[in-house]
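Next up: the structures, one after another.
Two complexes, one shared chain (subunit A), two partners (subunit B, subunit C).
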Partner chain A sequence: MRPMSPYVGLEPAMWRNLLALATIFHATRTKLCEFCIHIDENRVVQKVMLDLELHAQVCAAQNLDDDETVNRVISGWKGQLDNVLGLQLETDIADFLTELRTLMCRDRVSDPFRKIFDGVAKLASAVYGENWRLPTLEVAHLGRHPRESSNDAYAVTAATPWPPDEASAEVELRIYCDRFRPAAFAAVPMLLTHECVCHVPARQDRAANDSAFAEGLLDWTAYVYYENWVVKLDRELAPAARQHADLLRRVLTQADGPEGRARRLGHLAAEYLQAWFEDSCEQPPAEAKKTVARLAVQLNIVDRPLSHKDHFVSLVSWPMRPVVANALSKWEYDEVSAEVLLDTATGLPLP
Partner chain B sequence: MSKEQILAAAAALRQFSLDEIAAFCDEQPLRIIEVLESVPDAIERTRVDLGGRWRVVDRDHLRRILRRTDAPRTLVLPRRERDVEERLWHAEEMLVKCGAEPSADQRRVLVVTAVNHLCQVLARDLPGKPDWWTVELDDRLTDLITTARLRLDVAVARLAVGNVAGVRMPIDELIDMVTRFRDETMRLDADDRLRRLVRGFVELVTAHLAPIAESVVNQLLVAVARRRVRAQVGFDLDAAMSALELLVFLLGQDSEHAPVHDLYRMLDRLPDGSERSIVYRDLLPLLPTQLRWHQQQKERLPGALVEVAGEPAVSHLLRNCAGRLEWDLRRARFQSDRGLIGQAAHVFQQLAEQGADRDVISRSDQTRAELINLAKMPVWPTLLTRDSVGMA
Partner chain C sequence: MPPLSVTFEFTRGSAPASRIEEVAREILDELNDPDSEASGMAQRAGLNRTELLDAQTAVTEGEHGADPFLTPIIVGIIANVGSTAAEALWEKVLWPRIRRRLGADAIGEQKVPAKDG
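And then the complex of A and B:
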């Protein structure tokens, strides 16, 4: 039987290529932070990375099954590392490559992407409870870098095609295979967290990349959860996953264009809300931060047009408009639901 | 640190299951239970039968515990410059883009949202720094604002608000606004952001102009004119603003004096035997090369009507083509501007192919392609009457 790809959006050869790389990144995850730095700064490690990419491509094209492909990539790359280690290297590079060589065979999983996704989805489902939609993962190939002009290390993005079914949603992880390196792999948990917190359970009429609510306030919330989840998801990947989530956040929030602005505006709104809960409700900062996250999650599942939720974000300011402050106060005291808060604060007629 | 996070999560959630609170902190379940049970005065366990739920019974007590472990409290607010910059960009983008939103209800919400952001920026620029929700986008505001850019933003916002509310701006005020806007625009660098804003301004101003008469010919001419002026913003901002000023002046006149009525109208016969006429400019590419005619440089209606003088055969052909186009437009019964322009493009193709003149076919192809681009252009819908704001 011909080897297949488990993902509709990936050719079998492309899948095996990604699988081999992801398997090695997963196995060496405790060293990914260092790996990224060395790729940026050290020619020997750059060459080692190129060797791995080339070798993965060659093996992936051979129509072998998944296990055999990964075995051959690992054994081939191990041989190449041995050759490099036979050269005279700086001590820290030699130590690093030796560690990579030792680590690369351990912790094999059949699909590293699904492993991360299942962990994120399980944690997100606890946040949304009965409002959770059952998500499925798709991995797809991108023909170019998602932010071509910036050419950053994160050649990967994710999306939740709209509209989802009432009870389920599909999350698509899109990877530019030619640039899928350790930094991109380490950013995958945050990208999937963003999709699961912001979009999978959302109840609204549409999706919009320039939404200050969906891409801004909720993105801030996704990071709040991620801080708490990163170790639970994978203790060994956590240092790299945390570092690259922060770097990715910087890349995305600094981006020009409507998406970057929506993100920044939504983050601003979250910071104002946090300050308001601290100041007006006398919440300690740690509680206020989580209260904003709880509010964002509740608003996300209120069945109202996305424009109403963006309108709410536009009302969040310092000082807070009295009608909004009053509605927030009642919500904070559990006197009204998030739905009533949204309708009262915005004053918009129901669609 | 972990205890603080668990208690903060409890305080934020109020009532929760173990899974819910676990998603809010980075500790394992056994440690979470241990921390929750360490503050029995503040948190109590309920529904043991359902795997365990907790609820906060004394939030003040919980907060006192949290404050003991928390760092000294200093309120952190985002930087003012960051706030102003982001809101202004967002407001401008929304005001320009939301014209393409097909739902009138949605468009209203988008405009109000953009205005909220803009008012927050304005409030910081106004004397006395009033609360932003008290800022009114009226004419008096313009004199109080200190920057040209904000005055442009206010003009666009006022037009957008009028558009979604179905309230037409008086023509004198509109002309005054266009003149002021043109002067302000000239003081600023014509970057992409300004051009986008001016495009929105052109759409909104022309959308405010009252329809001169209920006729498909008028509708087509005005639709083409406003779209061409809008397109001109991309390559010649000054010329576009001048064209807009003229457009508003001409279309703002009463019905009797307005230049828009026909696709072709003969004016007079000159002593040399040539005929002078006003014609819809997209008909000109249909004239075969051998015919002699010339066009006055100044357009009668920017982007739509021109004055030409030529031999009688020119008038004859233009009159026939105009008649055919008008007949076809009436027959097709398109109501949207987009549909009318598309239909016009279709008729041009047929007329060009009838003559079998290669030059005519080539020129008409260009016109057709341009018209199709104009038709596809998403623009603010024209303002019809109160509560009948439709899609252009």
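And then the complex of A and C:
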């Protein structure tokens, strides 16, 4: 029987190529931060990375099954590392490559993407409780970098195609295979966290990339949860996953266009809300941050148009408008629901 | 009855029109084999494979603007089937396979569909 891809968006050879790379990045995850730095700065490590990419492509094209493909990529790359280690190298580079060589065979998982996704989905489902939709993971490839003009290290993106089912949703991880390197792998947990916190359980109409609520306030919230989840997800990947989530955040919030603007506006609204809860409800900063995240999650499952939620975000400023402050105060003291808060603060007619 | 022509217009993605057309033709060729993946997909989409054997596609780039990424991609399907079946051929058979081969971003957002013929 011909080897298959578990994902409809990937040809079998493309899947095996990604699987081999992801397996090695997963195995060497405690060293991914250093790997990224060396790829940027050191020619020997750049060559080692290119060798891995080339070797993975060649093995993936051979129509072997998943395990055999990964075995051959690992053994071939190990041989290439041995050759490189036989050269005169700077001590720190030699030590680093020796560590990679030692680590690369351990912790094999059948699908590193699914492992990350299952962990994120489990944690997100606990936040949303009965409002959670059961998500499935798809992986697809891209023909070019998702932000071609910036050419950053994060050649990955994710989406939750609309419309989700009442009880389920599909999250699609999209990878530009030619640039799938350690930094991109380390950013995958945050990308999937964004999808699971912001879009999987959302009860509004189709999320728009220019929505300050869906892509901004909720994205800020996803980072709040991520900060608490990252070690639970994988303590060995945590330092790289945290570092690259922060770097990705910078890339995405600084991006030109409506999506970058939505993120900036939504993040700013979140900061205003946090400051308001600190000031008016006398909450310590960490608690106020959690309060904003709780509010965003509750608003996400309120059955109101996205335009109402975006309008709410646009009303949040400093000083807080009295009608918004009053609604926030009542919500915080459990006098009204998030739904009532939204309707009162925005004053918009019900759909 | 003359063959029906259905066109779909998209914003440009990562793939050129010529490449999309090449892949679309390969997929249509597969319909000659009843055991092929394309034939299976057509069957699952409720399409009659034999009615699609003469189907043709033409993928072209629209008027060039100052920005090449604003150039639309126009996908035309000519087939002896109704418009609903032609749309299903694109959505359930051709596009999923083109997407898998060329990438999820091979073409951009769909513009308002136009029909004639």
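The rule is simple: the second predicted complex is superposed on the first by the 351 of 351 C-alpha atoms of A that agree within 3 Å, B and C clash if a C-alpha of one lies under 4 Å from a C-alpha of the other, contacts with A are read in each partner's own complex, and residues count from 1 in each chain.
Following the convention adopted for this analysis, a contact is a pair of C-beta atoms (placed from the backbone, for glycine too) under 8 Å apart; a residue touches a chain by one contact, two chains touch by 3 or more.
The structure displayed is predicted, hence computed values, not measured ones.
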item	value
First, second, both or neither for A:R144, with subunit B first and subunit C second	second
First, second, both or neither for A:G9, with subunit B first and subunit C second	second
Chain touching more of subunit A, residue-wise (subunit B, subunit C)	B
Touched partner set for A:G86, first subunit B, second subunit C, both or neither	neither
Touching partner for A:E172 - first (subunit B), second (subunit C), both, neither	second
Residues of subunit A that touch subunit C when the two form their complex	8-11, 140-144, 146, 172, 174
Residue ranges of subunit A in contact with subunit B within the complex	123-124, 126-127, 129, 210, 212, 225, 227-232, 258, 261-262, 264-265, 268, 271-272, 275, 278-279, 282-287, 289-291, 293-294, 305, 307-308, 310-311, 314-315, 317-319, 321, 334, 348, 351
Parts of subunit B lying in touch with subunit A, wherever the complex brings them together	4-5, 8-9, 11-14, 17, 19-20, 22-26, 63, 66-67, 70-71, 73, 75-78, 82-83, 86-87, 89-90, 93, 105-106, 109-110, 112-114, 116-117, 120, 131-133
Interfacial residue positions of subunit C with respect to subunit A in the complex	13-15, 96, 99-106
